[in-house]
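Two complexes come next, and they have one chain in common, chain A, joined by chain B in the first and chain C in the second.
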Partner chain A sequence: MTDRRRVNGPVGSTHPPVFENEPEQELGASKCLRTRAPTVTRKMYLKTGVTPSASGSAYLEIETSGKGSVSGLKLSCTVHGPRSLPRSTPFSPHIILSTHVKYAPFATKQRRGYLRDPTERDLGSHLETALRGAIIADRWPKSGVDIIISIVEGDQDREASKSQGGEAWDMMNALSGCITVASAALTDAGIDCVDTVAGGVAALVRDEGDDTTPRIVIDPIPSEHEQILAACCVAYLPDRDEITNLWFKGDLPASDMELYSQLVEKGIQASRNSNEVIVSSLRETVG
Partner chain B sequence: MATPSLSFSRPTFAKLSPHPYLLTNLSPQSPSTKPSRTNGRAPHEARPVQIHTSSLSHAHGSALVRSGNTTVVCGVRAEILPVTNIPQYRPRSSLQPSSTTTSDDDDAADRAELKTYDLLVPNIELATGCAPQFLPGVPPSSLAQTLSTRVYSLLHSCGVVDPKSLRIWHDPSTETKNPDESMQVDDNDEDDEAEPPQLMAYWVLYIDLLFVSFDGNPFDAAWTAVMAALRDTKLPAARWDPDRGMAICSRTKKNPLDVSRGGLPVACTAAVFQEKEYAEAGGLGGENRHWILLDPDRLEESLCRETVTMVVDCGEGETRIRSVEKLGGTVIGRELMRGFVGVAEKRWSEVREAMK
Partner chain C sequence: MAATAPSSAAIAIPGQLLGPASKFQPGPGTHIHESNLYSSLLGLVHVTQPVKAPGPVKRLNKITPAPAPAELPTISVSRSAVSDKRETLPEVGNTVLCRVIRITPRQAVVAILICGETVLDAEWQGLIRVQDVRATEKDRVKIYESFRPGDIVRAEVISLGDQANYYLSTSRNELGVIMATSEAGNTMFPVNWKEYRDPETGFSEPRKVAKPY
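And now, the complex of A and B:
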């Protein structure tokens, strides 16, 4: 069943271009390794007020890493509300958040459709949990707020093969960006929060080479490492020292509790870094 | 003691009674002040256009167009459609990879080729929260559908994309280079020589537009973004691999998409603002002053019924009108339309400057 409300294109199926392996490419395919120190995040650009007609909006761009083919994350977030809920909805003593995350069709290696897929819904629900802990929801009974994020460009290596399974880890980076940009947009909309929440990612990675002891890095790029063993994305309120959302993924020995807490610790560190970006960007707007 | 003042701030007035507010701005009391719109522009003044290209790395061509507070991102993505996947594929015998014939028949056939095989797929997404009335989670609004269709038909009617650069050929005569192979297939060599190049696949261009911010006049911004992105598009050089039965692209070699044939059509939209609102004007008769507002913003669009969009191309020394669309009223007649061509010409040179 085709969607007749859009221009659908040819009836026959099309496939993305398949590239040949050129010899010099294979030889010189020395992977771009991480040059940043393990505790340094990539540079971020954050700007609020990109959509004047919305109550609040923000745009976040994360710097592309050294290799040309790796795109940086580009996110645009708009906040509409608080506004009254339609009459038919039952009474709610606090504000109702609805989050919506959507990849643009040209954001990733594979072309995305216009309908939301499960990963986007998943990102949306994680984002909602992260923000719910920060908003003072009781101040707006019977109202709702819409938080909409368009991922204009995903954080993905164009040349990475599918077998590396980068997709799952890319989602972590995307979520952390979403939390940061949504927090800035909420502040821009003037919605009361207990603190500015920010996202951060830390991962346990194993690098190429003889030295096989895994190490923990913050703000990982999957293609820069041989393997990612585990990663965690935290949404953190720095002034209250509280975590509003914790997303953990990967394979760790259950006995080593130390490793778990270290990973979360590093995630908090990453989140503190992005929080600084939010605060300085908001200062600029006010000052 | 100051009495509580009854004056509101400008934005409050604009929100409470937009029509009288815009009318007062356009017809000032003293003749010395020039009529201006609520956004401070003169009636025939458009917003400046800014264009950035090649900012997206996953798309083959991309553009970001900003015109005032309207911001739109366009990404062009090419995918391969093998001819075996086309249900009603009819090979054209006259077609050659290097044919440069420009007879009218060929031209018409080229256009039909683009359209019947649906090689251009423009889609406009408005539901990104770019304005309070466009919230996601709903099917495309009628405005989004109209815009997509208008871009689609204009792309075809202007012949912007040359189908030549979308074809992927297989030339059997260049395939058997391997000496061992040619030894074995010695008998067949003559047949190979005789076999003409075959058209094996097409590139399909998915042109997706995403509104980041919406403040009126979506069509002009969208069309500018489409043109800028198409001019920026580079397709990888593809050859047909008969063994694998698929097209293989080169990682390093890229060919820019040929969009020279269509020239540079530029859309120019204006809205007609009338002194009396539609309901009263009908019965009262008499004079009903009107203003033509170029490049209307969101507030003006909500107050105007009649709009006109003209697509012109002033390249090659003369002005060609590629499309005229006028809807919703009776103010713009032949004379005004003729005058509007001049306005559109001015807009064309502005946009061309921005594209450079």
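And now, the complex of A and C:
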């Protein structure tokens, strides 16, 4: 009996592909510095209704920084539901959100497994808090909604040799994209929301070369900066002027307490930018 | 971005201000926040004017509940322009069509197929308890004399029920079995309020028959 459930490899022996060596690049020389102004986000492409079988879906792409080997962020989100809960769950007077974030195996520099690892679970729970503040949950009693995001490309510099703890900063960018794309997909599914929630990232960075004071940039790419000191990712409701989720990471100099609120302020600014993309993309679909 | 004066057939985005709650009534697809009406769906804005009572009011000869103060126009956001698929949930008071899955002496388990006018995508389970089958002589009701598995039943939602089931009731004349098949497998026709008859064998079977409209 053959295994019909999996796509198996060929039976005989195979040879691994041999690639021609790429021209050696001088590390450091290839380093691409940020050319955008500190308050400018990268360009974004958002489209809703891409998956016909789901009740709501959206696709988000953020442009690369211009360097060839730096991939942008590509996210695909599907919303299934509202649908009936399994029999074992207790009575719930409101909708039950469940979020799943999964990196594609090829999305990042380090190959990802097929099972969800702790960082993906972490992203999922952050996303759930961000969305729960935006959904009017009691419009849909006794039902559940599944939000599934697959990260097709993970916004990483594949040639950066040093890892400068970049994983965590990449997660912030991914989370902000996840919030934005999930919000568009929820609206597409027709689930009542108080506002279109959007994500934004701001970071306190120190650039290569200058030993001056660190500066705050929005929508940072870790590979473009010498060091990221702190970063925060906010999920923000622009019309309500409320933050539904705030994730702050890093060390701030204790002398400057203002810096913390400045960083959150810039994160809000970044999320306002992505919210504009959501609004204009949604407006296009009506008509 | 927030439009203060909503015109008809304007696009609304979740979180968009539609107007003050003192001037409009909230309809479907809207919510109230800080005494203002906001959209909660993506779609087109519709403003429906209230229906005026036609002619002079008749002299009251029976006690009726006071009419709702519906002088305000209702504002609603409809998704019909965005997509035709819209998930609906059975709500208390809705009339639903369902198929009987299994019966026990205490209850009949049904699958809700149609809610109001819309066919449901998701499968929702309902329960018709023995005391909800009819309004009179409730203690003589027997489930197997009212429903059989496979019957199509018109019922009313009386409660959101427990974790798995909606509670349904057929205790009105126009509610009950609307389609039934006999033990021989033929489609039967109703003969009175408690019997369906097989046209081929001539046998009749007991059911809680819905009064035709």
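Definition applied: the second predicted complex is superposed on the first by the 254 of 287 C-alpha atoms of A that agree within 3 Å, B and C clash if a C-alpha of one lies under 4 Å from a C-alpha of the other, contacts with A are read in each partner's own complex, and residues count from 1 in each chain.
Please note the rule applied: a contact is a pair of C-beta atoms (placed from the backbone, for glycine too) under 8 Å apart; a residue touches a chain by one contact, two chains touch by 3 or more.
Computed from a predicted model, the values in this text were never measured in an experiment.
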item	value
Partner chain(s) touched by A:Pro253 [first = chain B, second = chain C, both, neither]	neither
Partner chain(s) touched by A:Ala107 [first = chain B, second = chain C, both, neither]	first
Partner chain(s) touched by A:Ser76 [first = chain B, second = chain C, both, neither]	first
Partner touching more residues of chain A, whether chain B or chain C	B
First, second, both or neither for A:Thr89, with chain B first and chain C second	second
First (chain B), second (chain C), both or neither touched by A:Val194	second
Partner chain in contact with A:Pro238 - chain B first, chain C second, else both or neither	second
Partner chain(s) touched by A:Pro118 [first = chain B, second = chain C, both, neither]	neither
Contacts of A:Leu282 with chain B and chain C, given as first, second, both or neither	second
Chain A contact footprint on chain C (complex, rising order)	1-2, 11, 13-17, 29, 31, 33, 38, 40-44, 79, 81-83, 85-87, 89, 121-125, 160, 162-164
Contact set on chain A toward chain B in their complex	3, 5-20, 22, 25, 50-54, 57, 59, 64, 68-71, 74, 76, 78, 80, 100, 102, 104-109, 111, 114, 116, 146, 148, 150, 152-154, 156, 158
Touching residues on chain B, where the partner in the complex is chain A	56-59, 62, 69, 71, 73, 75-82, 85-87, 117-119, 121-123, 125, 128-132, 135-137, 139-140, 145, 148-149, 152, 204, 206, 208, 210, 212-215, 236, 238, 246-252, 298
Partner chain C, residues of chain A touching it in the complex	49, 55, 81-85, 87, 89-93, 136, 139-143, 187-190, 192-196, 237-240, 279, 282-283, 285-287
